[in-house]
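Right after this note come the structures.
Here subunit A shows up in two complexes: once beside subunit B, once beside subunit C.
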Partner chain A sequence: MRLETDPYLTRYAQRVQGMSASEIRALFAVAARPEIVSFAGGMPATSALDMEAVEAVAARVIRETGATALQYGGGQGRPELRRALVEVMDHQGVPAHADDLVITVGGQQALELIAKCFIDPGDIVLAEGPTYVGGIGALTSHQADIRHVPMDADGLQVDLLEERLHALAAEGRRAKFVYVIPNHQNPAGVSMSIERRLRLAELADEHDLLILEDDPYGLLTFNGDTLPSIRSLVPSRVIYVGTMSKTFAPGVRTGWIVAPRPIRDKLVLLREAADLCPSNLTQMVVEGWLTSQPWREQIKRFREVYRDKADTMLGALGDEMPDGVTWTVPVGAFYVWLTVPRGIDTSDLLAKAISNRVAYVPGRGFYADGSGGNQMRLCFSYPEVERIAEGVQRLGELLHAELELVTAVYGDDAPQLRARRTGQASGLGG
Partner chain B sequence: MHGAGGDGTDGSDTTEGRTVAGSIAVLSGGISLEREVSLRSGGRVADALSDRGHQVTRVDVDPNLIRTLEEDHFDVAYLALHGSAGEDGTIQSLLELIGLPYTGPDVLASSIAWNKPIAQGLYGRHGLHVPDRVTLSQQAFREMGASAAVDRIADSLGSPLVVKPATGGSSLGLSIIQDATALPQAIVGAFSYAEVVLIERFVAGTEIAVTVLDGQALPAVEIQPKEGAYDFAARYTAGATEFHAPARLDPDVLAACEQAAVTAYTAIGARHLSRADMIVDASGTPWILEIDTCPGMTGTSLVPMAAAAAGLDVGELCERVLDLALCDRAGRPPEGDSR
Partner chain C sequence: MRLETDPYLTRYAQRVQGMSASEIRALFAVAARPEIVSFAGGMPATSALDMEAVEAVAARVIRETGATALQYGGGQGRPELRRALVEVMDHQGVPAHADDLVITVGGQQALELIAKCFIDPGDIVLAEGPTYVGGIGALTSHQADIRHVPMDADGLQVDLLEERLHALAAEGRRAKFVYVIPNHQNPAGVSMSIERRLRLAELADEHDLLILEDDPYGLLTFNGDTLPSIRSLVPSRVIYVGTMSKTFAPGVRTGWIVAPRPIRDKLVLLREAADLCPSNLTQMVVEGWLTSQPWREQIKRFREVYRDKADTMLGALGDEMPDGVTWTVPVGAFYVWLTVPRGIDTSDLLAKAISNRVAYVPGRGFYADGSGGNQMRLCFSYPEVERIAEGVQRLGELLHAELELVTAVYGDDAPQLRARRTGQASGLGG
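Let's look at the complex of A and B:
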């Protein structure tokens, strides 16, 4: 008798064929246990919010406008919220009109709708390497062919992007768009330099490019500085994605897209097909937060919290990491991108890390092409400061022991284990 | 996590003449690397038992475990734990200490099966076919220069080779390598899961699993991944592997496999329920790889398939196992004690 564990198998669309259970995902089930210091999830420090203020805002929404808050809304999102978000963008120097915006269920739905709008199976998307795992998920679920362009400490290597563009043109192909996270990139923790932003904008004009600018972290530079958005440089060539997840709270699931009008119209129709409209309730809570509370002060508070955590992590990395390990030095947001010597595979090592009560995300998750095997993302935004030091110490002990083990197992064939700390001269390491 | 499930009965329930516990703790989760799989097993067991009217409570294994088990006055524990602590005899020892009957093999049998190299040696002594193998500890590499001998592994075992942690399940840390150049990476990878690695000669053939329920073999389940090896993704992605129960083998070969599974079960002194994983080579010889003393009960797991082929649904199977656990409390010696 043949036993079928999935009787629906012949009915699935092609796009789900590659979706399978994953060992790494299973290990994250353990990483969530309190015994483990987890640098894995990119979770904001919601404990730094003024909860009484949030409570007051939410209570007022229900008390004064409950019937509207609990009703359906428009597919583009509430005009009042869109106007408030224009102010948030203005605070960062990103120009937009309220009518250019589509409210989404977090930045992730924005990426999904944009992928759905543009990607046919096999279409090429150029993306930073490494890039946001959720971006890869949204794009690959529409069967995009993601090609990575390397980064270094100044972000996307725009000269290499230009080479790729020429190479594609020579093949008679073009990328549907270029996906970038210019500020405090997830996972690399670096920002694109002003020179490169300007050059990217020029390339967009020269090569008739569309750019997907994903910007969750632009307001989280530790010293409060902001860099010009790509949208501010070439607005007609940019689809910009913003979110309240990092400057307020991910639980309200509020993001937005700013797009040229023809694209915006398509996105509104796609979103109506997907989920009709964003939640009025959470939109009104965010609206209330932005119109009645000192949200700029809250963002300052978040910056301080994350700066302290980053300082702790970077200090501890300097103290604890063995020679041969390199990492990026973020000046904002959540992430450090760490490269270990070849011979250590960070996917394999995760089990041992969890057994040693520390967790990270292995680098391969941030590439569509399987690279990143000797890299990892460390997110410092969520654990308390004391736990960060403790977690880095555990990771340091683990890597010291692993280097010793790898050297012992490989014997004379040890692959490049003696590399010294080399900074960021070429790429992000790896 | 500690939540009630099921609509419950307030005492003993009698099914087909057997007495089944009134209050059942289904233990799953824990901090093992197989936590997620264990939670899935535990969920399926708890649902199946509560569907049959039992009072079931799911209990995660955490630092409050003993207090929870003692305060809630359970009659019996169903162990749906995978990985260290759940399968290596640790939890079994604790449950014996507090006098709570539990399902599956006892402390000694669990700890023997958990250590694959020891268990394989024992199977060999009982006349079973076990693949040629080498075990190497991290210490052997760190302190005794084992890397200088790695070349000889392929010389003596040939290739391909299977490299896996000496303990643990779900194919975690397992690699099948085609030649010796890939050995160091595979060994380092397996060391992420255990202090000792087991390197085996790869036996080509039909992969089967034989469930042994109270000393009797259930129909063998044949495992045929649609692509590549029966790895983690092939195990837990519905539809990724084709199964046949009974396995499509000659009756004589099937009988030999079932006999081998029962012999191995007896050799380690197992009881209640275990699953033997084997490869049947082209000549029909069953090669035993390991026994899982706390086998998976997920939607893609092998034991429920074997039970279904024997006409038992998951709830009935769990009831049988619980009944055996309660009988053992009444004084029945575990298998192997009399040998």
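Let's look at the complex of A and C:
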């Protein structure tokens, strides 16, 4: 695909300050050229799919059940698909019943419908900082007041969340919900530790919290492990969002929400006003995939592909990055979150990076509050593995050159130049 | 498909007064039984599609371009599809450029995005009365104040529209836009005459109006004729909505908006917040259909199927309906709008109708203001042609019995019992 048509990038472009959306769109259009290594778009490696199997499934769906596949369907989504998705969640240890699911147009529509359902203008949402740009987009389009809670290598800093909850209570205010991506977080590339999940579940009970658990990557831990979902710990307090975009394919635009019955009913009505119903055709392709194909094997294959790409990127970062640059170490999914010394602005740097034939997403897009100016997201899922080291090398050259400039301005003892190389004691940089 | 999963019906169910949504859902669930002839759901006859051709197209899309078809796409929709849809519009005489299109999840998402883009709470929208239930749903979900303008056998009564415009101007108010379905209107089954289209275009200029032209059925005139679109008459004042749901298949969930550039840009941003992007897979199936298959022939086939069904229904109505019942005479698409004497409430009557093994949609769903209580929509597109007369006969028996009751209450000279059998001098009844 050509990157200028990547909707993730246009989202980022809207959120990156200091450049107009059209300037950044133009830059990413250039970034789509084959000579550029792009770590920008968060796209899965669809080339790793068993395409013959997908073709056979789609052909059979139309041949055997075409009059249904091409007709309108129900607003909640097909019962057969909902049952199959319950098995996918079961594979990950996420408890759910098919009646409680609403099928959505990818995870993005799930977030949009939940925002439309819950948010009145000015409502507070607590979210990890940084967090998913599409989540920020859906929430702010309904005028939520997003307040970030910092993360570190063990994910959301739940002790800081607790401080925020107490501070809000002291003001007589409440958060409408807490938005978390516990597994292989986008963009931070870290997961919430078990201890913190347990504590988050306790806090939910103590503070009567609603938690929005967004989980696109839970099955993509490189070693196959899964951590307990927040939903498995406090099911009645969690609205859970899943998607087939990363474990099968984004092109089928199939996500889902698991919600308690009264909320589910309201979400179905909102979805019917939004687009009537999901596509029966794509739903039945996903059903066919999940009921007739070895989808667990396909997920293993994706894990291997992404682990190889992550290893390559992490190795190259160790080799190429100058002192003062830090990054997270993912154990699953797609992303590395990289922090550069404060004298460097990653939005400003993007044009130079693209001239240097490498692209990334500047960090500001992942905060609602303008933070992240010295950070960037590197996505390793899409580029071919043999081009990843090349891209990191180009980025390294660029950052070496920029750091010479920073050193010239701040001197050798600038504190940020003494930051550790990997991991983070107290946050993901910033 | 099973009717209880028809999202059209759940929409209606929400809008029909006097019964709870769950009661009407339960009724329609019963209506899905095979012994019942349902004129309720507005579903196309997908069984008339060349299914082998669709299968071949879908298989080729995945075989030859699977990595793209299964990947994310751009928020505006694929340029290739937009170009193909320009040809579809050209076939109907609707002028457009591919750059000005936004691909949507069916016509419903088009209406939702336009409502989100334009409507502030309390904004006035002028709309035909009756009008599309999904349009009412999208507009009222953004708190529009919908004001209906009556129709007759020649469609929207443009002289009454002009009166409304003057009355609003006298109050110092304006309509945000005028929502019209000029061709084979849903639910009224009538089309706007050429004279009225020309006058509507003049009014748009005189009153600086924006027109939302919703056109799902323009290519489905039984004799193949097309009337000039409002867009062809005043292009700069019209936002045009199209869909492949009725000329190909609703299961691909593919509609589109044609809008001036600055509005188009805003709609793309709204759609990215709503669901990121349309499915590449379904877009490429539609592209393949439009570029490799005789889609104009398929539309001819649909016209023949619907003409036969309309003829059957209209013949049966003439044979079976008691005096005092009137109906519109469609020359295309899916619908007959039927008016019964005022003593009969079509919402109340629905349970009896279903007991009598025939279903329809009560008229109130098609008005924002509670009108339509003595009206119903009969959709002839989906039932097999041989069952249509049977269904009309059952409805006729029921209405004969109800009218005996009305006559007993009002006496023989109740004015509604003297109404003409077909056509309407001053409106579609009510």
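Following the convention adopted for this analysis, the second predicted complex is superposed on the first by the 390 of 430 C-alpha atoms of A that agree within 3 Å, B and C clash if a C-alpha of one lies under 4 Å from a C-alpha of the other, contacts with A are read in each partner's own complex, and residues count from 1 in each chain.
Here is the rule we use: contacts are C-beta pairs under 8 Å (C-beta built on N, C-alpha and C of every residue); 3 or more make two chains touch, one makes a residue touch a chain.
Remember, it's a predicted structure, so these values are computed and weren't measured experimentally.
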Contacts of A:409 with subunit B and subunit C, given as first, second, both or neither: first
Based on the superposed arrangement, let me know which partner A:68 touches: subunit B (first), subunit C (second), both, or neither? second
Of the two partners subunit B and subunit C, which one touches more residues belonging to subunit A? C
If we overlay the two complexes on their shared chain A, which of subunit B and subunit C does A:58 touch? Say first, second, both or neither. second
Overlap the subunit B and subunit C contact sets on subunit A and report the shared residues. 1, 4-6, 8
In the complex, subunit C touches subunit A at residues 1, 4-8, 10-11, 14, 41, 43-44, 46-47, 49, 51-52, 54-55, 58-59, 62-63, 66-76, 78, 104-106, 108-109, 112, 134, 137-138, 141, 245, 249-253, 268-270, 272-282, 285
Parts of subunit A lying in touch with subunit B, wherever the complex brings them together: 1-6, 8-9, 19-23, 25-27, 29-30, 33, 35-36, 343-345, 348-352, 354-355, 402, 404-406, 408-413
Listed in rising order, subunit B residues that touch subunit A in their complex are 31-37, 39, 62, 138, 141-142, 145-148, 150, 170, 172-173, 184-185, 187-189, 191-193, 221, 232-233, 235-246, 299-300, 305, 308-309
